[in-house]
Structures are given as structure tokens and as C-alpha cells.
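Two complexes, one shared chain (subunit A), two partners (subunit B, subunit C).
And then the complex of A and B:
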């Protein structure tokens, strides 16, 4: 098809072989990836949905479970904690996203763009540290950071100016959870925004400077408009990441303090499906919660994809050579 | 944006603002470093300096895996994941960027859907499938799972690299009679090498830090990774030796920080197309 038609027509036997090879190429190239993803990502996803239709738990074992239809979903809908957990999830995702993953990331990217490459590199490495620090360690560091006197650093520093110390994680669990996750998440947006800013032609800024535009005006008039798509991408991608990530909450407040104060949807699913205080881990119910989370994520994706013009992203190659 | 947009005074202001914003990170890691050499520590004030926290470097801790062996396992895991993620991902990404075939849009769309599955809730199902395949409690099994979970995003990113290569380069090679696979290997891959390199670094770091998968799917002590050793040491809250845990943390983070600091200049390319020049 396409441009190769301009080349001399191959002999007949060659044409047959070309067609065969044309069909073989996608299989050859995609085969390994498709096999892996199908066996160890897609299949588990399907199995999870299937499990959600059973009462599979530690008590039933892998042999004595029953099919119970959508009863797990009914239980979720009627759960007295539904509203609380949903509210927590929205608060967690929205606050972390707006304040840190996009907000802080933008501030960092714009500020570092004004520094020399070397100085900017130092700050980038510092901000990447939480991302490349294993979650177990980072959670430990933040717990000590916020600990009560005499151990906590925050209490010690604030003590110097006479503010009484206490355990800041327990006193302000939401601020703690959002800050911890935000300090990890900000670097993703920072790097994407930085590279987008680096791609803006320098002359635009020079021209603006000649016209006497202030630094603030340059940011507002030149930089931000060019960052529209990167901002949308970070928002969409990080919404899904935040919806499904709970490792740091698990390793710090574990949904508390008190009853379900910082329990988000994915942590709720984890608690029911993999670590239950009552010793009877409910795989079925946990799987149903995971499935609902996927629907929430899909809803968000569909909205974002529409804004993103997904059609353009997956548009077929313009010229095809087979 | 340019460094000269704000002038020398402004640059000091910008640096100052960044230092204030970054202060929590500096304090957090400063504390970690201090604590690893202290007998005890309150806030940022160490009480008594010691090297005993670092004893895992020259001796195996009782009832735990050897730290060097665990580091070796983590390294094997991370390098294998990085290499195969780039190879397998780059093949799939090339096909999605350059070939038309039925199900292309479906594949691209469904990888996004899969991303919204919390990988942790898939663990039960993954465990069942690995056991059926005879890959449970084997390093190869965990590597395959990690590849499967990370490939969708990798394919999307690398598809972007291929999209950025002009068609005429490839066309010339195809007209000259190169096969597709040869075009991919000889013409396309060298062109997007910077992007692939950056992507491999990220895949390596992600593998180096992976905790949940080896923790659940690789219970034997001989194949334990550093992250699992870490969790095992810090697990029993009240009995944990925090000096030891912080020292092991520094030992664990250091290689990742070194790799990142040495390569960060090139890493930005992953998001700006990854094409040379």
C-alpha cells in the first residue's frame, strides 16, 4: 500500500511472499509483549473479576467457594462506610494532584528553568530522591520526621520557635498523607514540564524581554500556554496512579488514626482482600472492590481521553509499507 | 525560559525559593544519613557516633539473608527487567507506530484500561496463575510479572520515540530490500538510542525498588531482594534496630541515587521524544 506502489511491481511469487510477510510482521513484533501482558496482566484482571462473583475467602479455601453473583457488589453499595471511603478517596486524589503532582511540579519546573543547567540538576536529583527511595524506607523516614518529641524533626524545629511538639502524623493525618504522597509524586510532573519548557524556542523569551516583559509575564504569557497538554497528561496519568496507590498510606497511618480516617478505596480493598484483622481474608469482596475501582478509573480515563483526543493519539500510520 | 530572564538578583531569589521548598527533603535525607552513624538520635541531634549500624557489610545478620547476596538478587532482577522491557517493548512499540493491523486501536486503548487495575488487587490472581505455570517462588516468575505489569506504559512511551522518526529514513531502507526486523534493529533502534537508554534507566530504578512482587511471589530466603530484607528488618516495629535499618536504607538507596545522578541529564529525553539530535 501507499508509497511503495511507486516502486516497480514485484513478480507474482514475490507478491505472495510479501503478503505473507506483511501478516507475519505484526505477529512477530507484538507476539512477546502480547503474550506476557495477556498471561500475567489481562488474565489476572479477568480472574479478579471472576473472583468478585464468588465468596472466596480464607475460610472457603480454593475448593469450597460458591458463586454468589453480584452479592459482593450489593454489599459494597449498602456498606455504611461507602460514603466515608469515597469521600476520602476523592479528597486524597484531588488534594495530592492539585497541590503537589501538578501545582508543586509546575512551580519546581518553572523555577529550575531560571537556573543554570548544573544548579537545576542538583534540585532535580533532590526531588527525584523520594521517587527512587523504596517505599518502606520513605515511610519510615516520614514517620520519624513527624514523630513526637524528642524524636521528631518537625517537633524539634518548631520547638525552637516555641510551638509545642506532638505527633504530627496523628494530629494532622490528611496533611501528612497528602504531603508524603505529594513529595513522591511531584517529580513526575516536574520532569515532564521541564522537558516541555526546554522545548519552547528561546527567541520567544528574548523577544518578550526586548519588549520589556517581566519574568512573571513571561511565565504567564509564554510558558503556561505551552504547558497545556503536558498538564493534562500529568493530570490524567496521575489520577489513575493515585487512585490505585496506597502503599505509603498502608505503611504510615494504615487508614487511621482512629476509624477509617484516611482509608482510601484501594487500601480498603487491600485490607479486605489481603490483610484482614479478623483473620478471614475476603478475596471475593476485595476483588469486587478492585473492580469498582477500575470502573472509577475508567470513568476518569474516558473523560481525560476525550479531552486528550485519543483518536489522534492512536491514529493509524499515515503511510503504510507492508 | 532562560537563566537570564530574571537577572542575577532574581536568580538568588529563585534559588532561595527552591531551597525553602526542598528543605523537607534535605532534612529527611540528612536525618537518614546522620541516624545511620548514630547510637541514638533525637530530631537532628545524634547521640554517640558508631559504625556498628553498618555491620551487615562484613557479617550476615542472624536469621536474615546476607545483604550482599540480597543486593545481588536485586541487581539481577533490575537489570533483567530493564533489558527485556526495552527489547520486548521496543518491538511492540515499533509495530504499533509503523504497521497497520486489525486490533491496533483496541490494543492501545486496552493498555490504558489495564493501567487502572490496582496491581496489588491482582496479586491473588497472579499468584494462582504463576502456581499453575510452575513459576511461583522463582526469580524468573517475578521478572515476568514485573515485565507484564510495566510493559503497557513502556510501549506507549517507546511508541512516542518511533513516532518521532521521519518516515523517509525507514522507507529508503525498505526500498533497498531490508526486512522489517532488520529495519527495526539496524535503522530504527540506533536512531532512538538516547530515549531507549533513558527508558532503561527508569526501568532499572523501578526494578531496584520493587517491593510488593518479590515480597509476595518470592518467599524463599535465598532469592530475597534488598527490599524484602529491608521490610523484614523494619517489620517488627518495637524490636526494630533503627540504627541498622537506617544504615541498610542508605546502602540500598545509594546505587539508585548514583545511577540517577550520573544519567539525569539524559533522562529528560524520555519525555521529549527520545530521538537523536
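And then the complex of A and C:
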């Protein structure tokens, strides 16, 4: 009897070790990634929200700020520029996304799919150039491109056919903001879509040809439905990246010309928080603006998942063998 | 509708895929194109489909030249080796696809899809997606899609090669039944001789981009016109023995020379004997040593060494052959084939003392 009672002890110790070992490997594997996410993503997000609850600014410094609750959010809600900046943001994101990052990227991917491997490669590399060009240089190039005579390329060319030159970026700021961001952004979707198209078996197009589908019907009925997942990914990813990227607008129109013509949310936040014209940068208000932007991005993502029926895309197949 | 190929060739750049193929597929006939991979059989099928344009020769459908006609204008239905079903569409929409792209009316589409699905026996699968089907079911959906537009010509590109052995036999019979029932002119491509021989009215053998023979399955097996075909058709494959013709006699290594009934030009030949045409016999023509016995159920495949040659023969199960034993083999001369050792062409022959 005594021997029987003594027996479980070492076994239990073994079990504890097993549990520990079982728990250790997930921690070891996930630990580094969790730490990185916590340090680089969660912590800044928390700090942003915390700062947004203060009146922290250059005037208060790090010692004299006060906790003001959600007053910053109230100020945003009652800002006379809220509607204008929101409208600009939606216009900027939607136009760039639809026309270039998804639309033009799709056109490029579908067209290059029909070129030889080599020609398609050259073409795609050309479209990658704006992405790997330093943004300051690219923005300067576009400013010179659009500049008034006798410097601007557009003005020079149009001058040859008698069209009077002026600063085209001031005349059509939105066209330039959207096109510049679109030229940079289109290559991302193009690469994603191209690889997705390359993954569609050639037999499916041959079968469609045998069944009498025209080139357009092949694109519409075979290529595009198979790109639903990549289009969702590019749309969601690029929405977030457009919402937060303002460097090309900063470097070209800087929110102008005139008053807030092309001022988008992230640029507005930057101007208030880090580059106030009057010298008093309002960190608290800027942080609140950033927090609102995160919520806007999350909301847009949720809408996309619903629109593209994400649940259906990841549903497991039901295979029945007979 | 009959399909005629006249000296059809296809080049891709400098590579000749198919050359001088002439073939007639009669109305309602099923012809199989058989050959090893890379022999040009699929290219030929794609030429008939209209997916490729021939670089030489003519293709006629019912007497009309269709060289430049699209698949749609030719009215062909095709089943691909991979089935090529559209994964994002339901079975119903997959089958309806050929009708949708030509903008048929909705009610008409539904009716025709249902009719063909009933014919092939997959009516209950219509709401599913391809990923929810087994290989055999996918194959039948692909067949429905090819049949729904009531094509004049049905083209099948290795339609059975992705199925397991049992299902392959069942589907083979099913395809044959449908083809007979619909009386549809059919061209079938396969690298599997059992499949081609069992399903086809006639079999075309392709080799190196050329069509080297078009014959009934029985003729192909019993009267192979060349050594390549003799070797390619039949499992286990035919045995080949070096032979000479001298002074009106046929001399095979290790066998007493036999007088020929009809003159055959003197020279070197290969004597082809199928494994079922070698028999164990007390006073046979050949002596050989057994080195391997494969028991295959109904019959045994015996491997025996005869001089430099390795022979295969089929015996009934339980035959008195042990590995290492010496056996005497009788050759069924009347069922043997003689091939020119240079050209490989079959040479008719008969023995004076054992006429055919």
C-alpha cells in the first residue's frame, strides 16, 4: 500500500515538467513577435491615446500639461474644418485607390499577363521606379514637371501647341496629388495582382476559349473573380497606407494651394501636432486626430471585409469522396 | 459531322510539334490518339479544337475548311486533363458557362443544364462548387460543360488520367455509352494504351509529331505495322529476338533455322513474339533459364534468359517454373512478327513447315 501511494509522486513531477514544456514552446516561438508588436505598435498606440487626453503642447512642455479628458475630441468634432478635411481625405483615398492603386494596377497586371515574361518584367520594373525613388526627389520632379513657364515640362510641351502655360499643380492640385500618389502606389497592386493571375491555370482560359468566351469575357468571368481576395487585400492595405501617408502632399501642395484645399486628415494632424504655423504645436490635439484616424481605418477595413464577404473566402471546402 | 485532317503541321518557332498528320474521323466515330508524352497528340487535339492554328495543311469539319475558325465557330466541346473547372462558380454555373458567354436566355440555360446533368447523372451536384467534389464528379461536370452546347465534335484530352484505376474503368465505359447514345464524333487523346484500345473504334498512334498508324484496336495488337508499334502496344511488352534470313531460311539465335514458305529478302531482322505466344513445352524451340517469376493472380509472368536476350512469357498460375530452373520454350511461329532491323517495318513471313 505504501509503495502504491509513493508511486504517483515522480509521475506528477513529470507531468508538471510536461505542462511547463508544453507552455514553454508557444511562449518561445511567439515571444519575439509579441515583444516587437508590443514595443513598436501597441505601446505607441497607447501613448497616442494617453497624450490625446492631455493638453500637451510646446507651451505646456512636459511639466505643465493637464489632463483634459476628451476635450480634444470635442474640439475635433466642433472644428469648422472637420467637414472640409474629412471630405478631402475621402476624396484623396477613394480617388487614388479606385483610379490607381486598384484600378490602374489591375489594368497593368492584366495587360502584362499577356506579354512575354521578359517584356512584362521590364514593364513592371519601370512601374516600380517611383516606389524606389526617394519621395523628396520624386515630389520635386513633379513640382518641376508642373511648374510655370519657362521651367515646367507640361507648360513647355503645351506651349508648343499654343496653350498658355501656368503652374499646373496650382491649377489642378487634386489631379496632381492623386496622380503622384497613384504612380507610386500602383506598382504594389500590380505585383500582387500579377502573381495572382499567374496562379490561374492556363487550362481555364483555354476551356473558356473553346466555350466561345471573348478576351473581355475571359477577364470579366475568370480573371476578376479569381482576384477577389487580392483586390480585398490591396484595397484594405492601401486604404490604411493612404490614410496615414501625407509626405507627397506635404512635399508638393502642402495642403494648398490656398486654404486647406488638399489638406487631408493625417497632414492636418501633422500640421497641428508637429509643424504649427504659429510655433505652438499641439501634441494632445494631434494625438487625438491620429487616434480618430485609426478608428476610421478600422471602420473602413470592417466595411471591406463585409463587402468582399471575407468569411466566404476563408471557408473550408467540403470534399466528399466517392 | 466528320473531321478530316490533311497533312496538318504545327510549328512553334523552330520547334516542329506536329508534322504531316492526315486523319479522318467519321461521323459518330470515336478515334483515340495514342502515344508517349511529347509525341504531339495533345497539340493535334488543340489544332482540331481551334486553340492552335495549323502552320501547314488543312482541317475540315463536314467538308468545310476550318483552319482559321475559332473553337466557337467550329462547334467543339472539350474536356481537359485538369478538367479546368472554374473554382469560383457552382457546378450549375460551370456547366452553364458556354451558354452564358453566348448570352442564351436564362430559362433555356436552366433547362439545358438540367437535361445534360441528368444525362450524366450529376443533377444533385448542381449547387456545389468544384472544391466540394471528388475527382470523378469533377470529371463528369467537365463532360457536362463540353456537352451542354450540343457540340458537333467532342474532344477529350486525357480525361481519365487523374482518376484512380477503378473509377477510370467505370468512367471509360460511361464515356463510351454517352458517345454512342449521342452519336457524337469524338477525338480522344491518351497515353494509356489500355484506355485507348478499349474505348476507341480506331486508334491513331503518334510518335515524334507524326501519325504513324491508324487502325482498329484488334489490328493494332495483332498486326502491328512497325516495330515501334509492336513494342509500344501490349503489356507486358513483346519479346524481340535477333534473326537472319539466308538461303530461304529464317535463323533465330539459339533456334534451328526454319525454311520460309515465301521468299523474304536476305538480311538481318527482329523476330517479335508476344509473351502469350511463348509456351513451356518439353520439346520447345528455345532453351532458357528462369530468373524471375511475377505472380499476377490469374497468370504468371516469367522472365527467362536465353543467350543475351531476356524473354518474358505468360503462363497459367501454378506452372512448374522455379527461379534458376532451365525451361524449354515453344514459339508460336504463326503469331510471331518479323521486322526489318533497319527500318523497323513489319515483313510478312510464313514457315514452310508451319504455314499461317
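Quick note on the criterion: the second predicted complex is superposed on the first by the 281 of 322 C-alpha atoms of A that agree within 3 Å, B and C clash if a C-alpha of one lies under 4 Å from a C-alpha of the other, contacts with A are read in each partner's own complex, and residues count from 1 in each chain.
We adopt the following convention: a residue touches a chain if its C-beta (ideal position, glycine included) is under 8 Å from a C-beta of that chain, and two chains touch if they have at least 3 such contacts.
From a predicted model like this one, the values you see are computed outputs, not experimental measurements.
K.L.:
Touch check for A:217: first (subunit B), second (subunit C), both, or neither?
P.N.:
Second partner only, subunit C.
K.L.:
Between subunit B (first) and subunit C (second), which does A:206 come into contact with in this model arrangement: first, second, both, or neither?
P.N.:
After superposition on chain A, A:206 lies in contact with both partners, subunit B and subunit C.
K.L.:
When the two structures are laid over each other on chain A, which of subunit B and subunit C touches more residues of subunit A?
P.N.:
Counted on subunit A, the partner with more touching residues turns out to be B.
K.L.:
Contacts for A:44 in the overlay, against subunit B (first) and subunit C (second): which applies, first, second, both or neither?
P.N.:
It touches subunit B, and subunit C stays clear.
K.L.:
Taking the superposition on A as described, I'd like to know which of subunit B and subunit C A:155 touches: first, second, both or neither.
P.N.:
first
K.L.:
After lining up the shared chain so the two structures overlap, which partner does A:36 touch, if you call subunit B first and subunit C second: first, second, both or neither?
P.N.:
first
K.L.:
Quick one: is A:225 in contact with subunit B, with subunit C, with both, or with neither? Answer first, second, both or neither.
P.N.:
second
K.L.:
Have a look at where A:112 lands relative to subunit B and subunit C in the superposition and call it first, second, both or neither.
P.N.:
In the superposition, A:112 contacts subunit B only.
K.L.:
Could you tell me if A:141 is touching subunit B, subunit C, both of them or neither one (first, second, both, neither)?
P.N.:
After superposition on chain A, A:141 lies in contact with subunit B alone.
K.L.:
Counting contacts the way the document defines them, which residues of subunit A are shared by the two interfaces, the one with subunit B and the one with subunit C?
P.N.:
206, 209, 317-322
K.L.:
Looking at the complex, which residues from subunit A come into contact with subunit C?
P.N.:
Subunit A residues touching subunit C: 201, 203-204, 206-214, 217, 221-222, 225-226, 228, 317-322.
K.L.:
For the complex, which residues does subunit A have touching subunit B?
P.N.:
Where subunit A meets subunit B, its residues are 3-4, 7, 21, 25-26, 28-30, 32-34, 36-37, 39-45, 47-48, 51, 62, 104, 107-108, 110-117, 119, 121, 123-130, 132-137, 140-142, 144-145, 149-153, 155-157, 179, 183, 191-192, 194-200, 202, 205-206, 209, 215, 218-219, 223, 240, 243-247, 266, 269-270, 273-274, 283, 286-287, 289-290, 293-294, 297-298, 300-301, 305, 310, 313-314, 316-322.
K.L.:
Which residues of subunit C touch subunit A in their complex?
P.N.:
Counting only subunit C, the residues touching subunit A are 46, 49-51, 70-72, 76-78, 80-84, 86-89, 97-98, 100-102, 129, 131-134, 136-137, 145, 149, 155.
K.L.:
Report the residues of subunit B in contact with subunit A in the complex, numbered from low to high.
P.N.:
Those in contact with subunit A are residues 1-6, 10-11, 14-15, 17-18, 21-22, 24-29, 31-32, 35, 41-45, 88-89, 91-92, 94-101, 104-105, 107-126, 128-130, 133, 144-145, 147-149, 151-152, 155, 167, 170-171, 174-175, 179-181, 184, 205, 208-209, 211-212, 226-227, 230-231, 234, 245, 249, 252-253, 256-257, 260-261, 264-265, 267-269, 271-272.
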